[in-house]
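This report refers to the structure that appears directly beneath it.
Order of writing sets the labels: A, B, C and D. Residues in every chain begin at 1.
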Amino acid sequence: MKKLINGVDQIVSEMVEGLVAAHPDKLRLIENTNVIVRADAPVQGKVALISGGGSGHEPAHAGYVGEGLLDAAVSGEVFTSPTPDQVLEAIKAVDSGSGVLLIVKNYSGDVMNFDMAADLAEAEDITVKQVVIRDDVAISNPDDRRGVAGTTLVHMIAGAAAAEGKSLDEVEAIAQGVADNVRSMGVSLSPCTVPASGKPGFTLDENEMEIGTGIHGEQGVERRELMQADAVTEELVQHVLDDMHLNDGTDVALMINGQGATPLMELYIVARKAIQLLKDRGIHVKKTFVGEYMTSLEMTGCSVTILNLDEERKRLLLSGRE
Amino acid sequence: MELSAAVMKQWALRINEKMQEHKDKLSELDQAIGDGDHGHNMARGFREVANKVEDASYDDIGAMYKDVASTLISKVGGASGPLYGTAFLKASNAWKGRDMLDSEAFTEGIEAAVGGIETRGKASLGDKTMLDVWIPVRDEMKEHGADAEKAAKTAEKEAEATIDKVAKKGRASYLGERSKGHMDPGAFSSQLVFEALAEVYKEEAS
Amino acid sequence: MKKLINGVDQIVSEMVEGLVAAHPDKLRLIENTNVIVRADAPVQGKVALISGGGSGHEPAHAGYVGEGLLDAAVSGEVFTSPTPDQVLEAIKAVDSGSGVLLIVKNYSGDVMNFDMAADLAEAEDITVKQVVIRDDVAISNPDDRRGVAGTTLVHMIAGAAAAEGKSLDEVEAIAQGVADNVRSMGVSLSPCTVPASGKPGFTLDENEMEIGTGIHGEQGVERRELMQADAVTEELVQHVLDDMHLNDGTDVALMINGQGATPLMELYIVARKAIQLLKDRGIHVKKTFVGEYMTSLEMTGCSVTILNLDEERKRLLLSGRE
Amino acid sequence: MELSAAVMKQWALRINEKMQEHKDKLSELDQAIGDGDHGHNMARGFREVANKVEDASYDDIGAMYKDVASTLISKVGGASGPLYGTAFLKASNAWKGRDMLDSEAFTEGIEAAVGGIETRGKASLGDKTMLDVWIPVRDEMKEHGADAEKAAKTAEKEAEATIDKVAKKGRASYLGERSKGHMDPGAFSSQLVFEALAEVYKEEAS
């Protein structure tokens, strides 16, 4: 395991320290926690948004804290959901009395820890709502689906809605609308190494890939022979579309997300094909994101995310922050 | 079977020792069908538990295990943190005000713990989770009374039995059929919990 | 070699197609070239900026084309300088009559090809100036130094100056000022594979690193035992500072640049230490960049860039685009 | 030595064949002390040259080599593109209007080519670049007259001699002392250029 770190135990704390030191005008670290909040939190009269989860997905989640996006991010150990007390600290730091929305990816750990935090916050008379993201179509049962790259579109759109001064119920409904209309699917060409374990999560031959990988270095749903970029893209896009039932002429947002170690060059090659495929199917791509939005340490590969845009989501996404 | 407050403290300390000892194996099991952190999560959490309870004095076993639970909840994270945390929190409720647990009282705690795990994680028997160990242990205690030795044996057998199952909850469930052939890491850590109990009980008795 | 590509020969053309397809409102591809220009080029009354070089450094250079940044980017084959005729196409497409500044990294190939293009453009009565970037202090002779990540700060600052309507001479002087005051140094933990060759540029043991690597997958100036992040950072920062002679209280910009496959998490750990070191030396970091700005395919490692900020550079950098 | 327009065309085609044949070796040499693309650059450029000149007819050798040069300039890129391109462009100037080159005329072209490489790349003899082949070849021609066979021999010897040198120009110079022990890729491609000349001249003569 070759990593630019000082020690396995300090990774997360040093990372959040670095993030805040790099952007002291915009971010603040809550003492004795790994919670990063907007420097000006709580923002009066605004619904506060909190996201979080295990670390190792950078720029998610702390990289999304800022104006028009999140009010706080809670970073757990690498690939380990943060604890309820840390989430509670975040809630208390950002609530201005207008309520707090927790953006939670659908993992047992995240769901349970954020749930417990919400209970603790309610006990302190803070109004907390949650939206759970399940965009990964690699898992067939919709209830069991993981939250992956699509989560970042919730940050952007719900963030823009909250910045407009919408109420907690309105922001929640908009976030839920994104969650209900976003689908993703990923592929990996090589694994990542969780620092604490020191060993790669799995091994692949030179000609193999894992289809349907999540964002925690776990194997995918199927191991396949490595294909060319266009064929891989077609597979991912088709899988996502099969789950969406989009009408001809539908507006969508497209995200080609790198898993951490994929050169941007390759992501653009994938984007090219994905845009072609959508065009061929009469679908209008109104906004394309290409880059690293939700990573898995140094995993190689990418995911394709498609979000069905109604008028409100389109307006918020096109006017909002990235 | 009777468990004094001293033995109950030893139990918590011994769980920690076992988690440290088997940390790598727990993480390897998790790496095969999850994300490879279960050993670290357990080792980190129970190290804190040991630090906390070792030199502390408590009014009763309930208070002690409330401390165990809140330490786990605030130090572990992941799926296992809230699950083990909730388990011991519910047990501590059942043990409130007691400085000695007889078979019935101990069983009540375990029963409450299982209820907590079920409510928190919404898994069922057979889903290839820690519950596949906890439920049979509870059932046996309810039927035949608490017996630490037997609980450890059952836990071992049931952890082993998770190997052939297909995971339905937690990260391992994403693998579908590919989760077969590997022991569930949470089932193994649960086995260690009951092995620790058997050890401290035996040492106390002798 | 595991890459999400369709074929070695199509990489660059498909990449630029993907980039333009993803941002059709902002970018345009000049037919039969790999030249990407602003969709609204030529911008009347504005000095035009062009950068470029081999591909494989994404987001450099095409990712910097846009308002307040570059007017065009010319992409050569992977790690191979583009040819003069392509650079000429770019010049012709973006010149509005206010003149063109070429931002050139100091490699024999880039210097010669851009030089030939400038000659060709002058022959067509277009006023062209050039600024050559040599920020890599790994090379001791200043004339021979390579242009690396510091180049992107020239894009930003000269881009902001051009957007303000400054003249070609003014923009050139500002760009030259950045070039004269920016220094970088890099380290690599693992190599990259140029697609056409299919083999990694060098091999490193599990406990080795290369200090002083450039951005073309070549070896560095020295092979060393792998150190912890803080020690590596100290080495890089010290090496850069030794070449700068900054007074106490000087304002600087800091860039921690990932080489392509380094998790952002690790870059923040490096940033944390670099900021501490500069603070300890009484230097004021006014702006910090952490991320991938100038990559080397999927190389692992990072570089540290420090730019001495005078008042004008500070104003332009803080008000400009990233 | 006399070179007809036909032989001069064969020269360009043969250079292409040699670059294709030694593409991998050229890139390997470049990988050791540069960025590993010299074989691809040469193969790409001279393939285009061959496509261009093969079926074309030219007024004179100057026009033919002007085409060779501009193809290299617009298709190769990197350092070698402008250098080889400029070399042949300058040579083509010297060969303007001629449909036959005697020893003197050919040497004038080579002299002009070397001047072009020097002006363009600002390297000197001993910097471990292609010039370490071109300059000795030129010197020999100027002293003893053009001899294709001898040029190839000298080129081979001088390319070999770059192994022990420390690079002062181009990417290899970044390695400093570490550049020792490897042949300069541009020196080897230059050797191929003169080997191609010797081959086509010999075939024509026989």
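Assume contacts are C-beta pairs under 8 Å (C-beta built on N, C-alpha and C of every residue); 3 or more make two chains touch, one makes a residue touch a chain.
Quick caveat: nothing in here was measured; it's all calculated off a predicted structure.
With each centre defined as the average position of its C-alpha atoms, the distance from subunit A to subunit C rounds to 29 Å. Per-chain CA centroids place subunit A at a distance of 32 Å from subunit B. Taking each chain's centre as the mean of its C-alpha atoms, subunit B lies 54 Å from subunit C.
Interchain contacts link the chains end to end along an open line, per the touch definition above. Contact between chains, as defined at the top, is found for A-B, A-C, C-D. Touching subunit C in their complex are the following residues of subunit D: 27, 31, 33-37, 40-41, 44, 73-83, 120-121, 169-171, 173-176, 178.
Those residues of subunit C whose C-beta lies close enough to touch subunit A in the complex are 2-7, 11, 14-19, 21-23, 55-56, 58-59, 63, 189-190, 206, 209, 226, 228-230, 232, 256, 260-273, 275-276, 288, 290, 292, 295, 297-298, 300-302. By the touch criterion stated above, subunit A contacts subunit B in their complex at residues 54, 76-85, 107-109, 112-113, 115-116, 138-139, 144, 146, 194, 196-197, 199, 201, 214, 216-219, 221.
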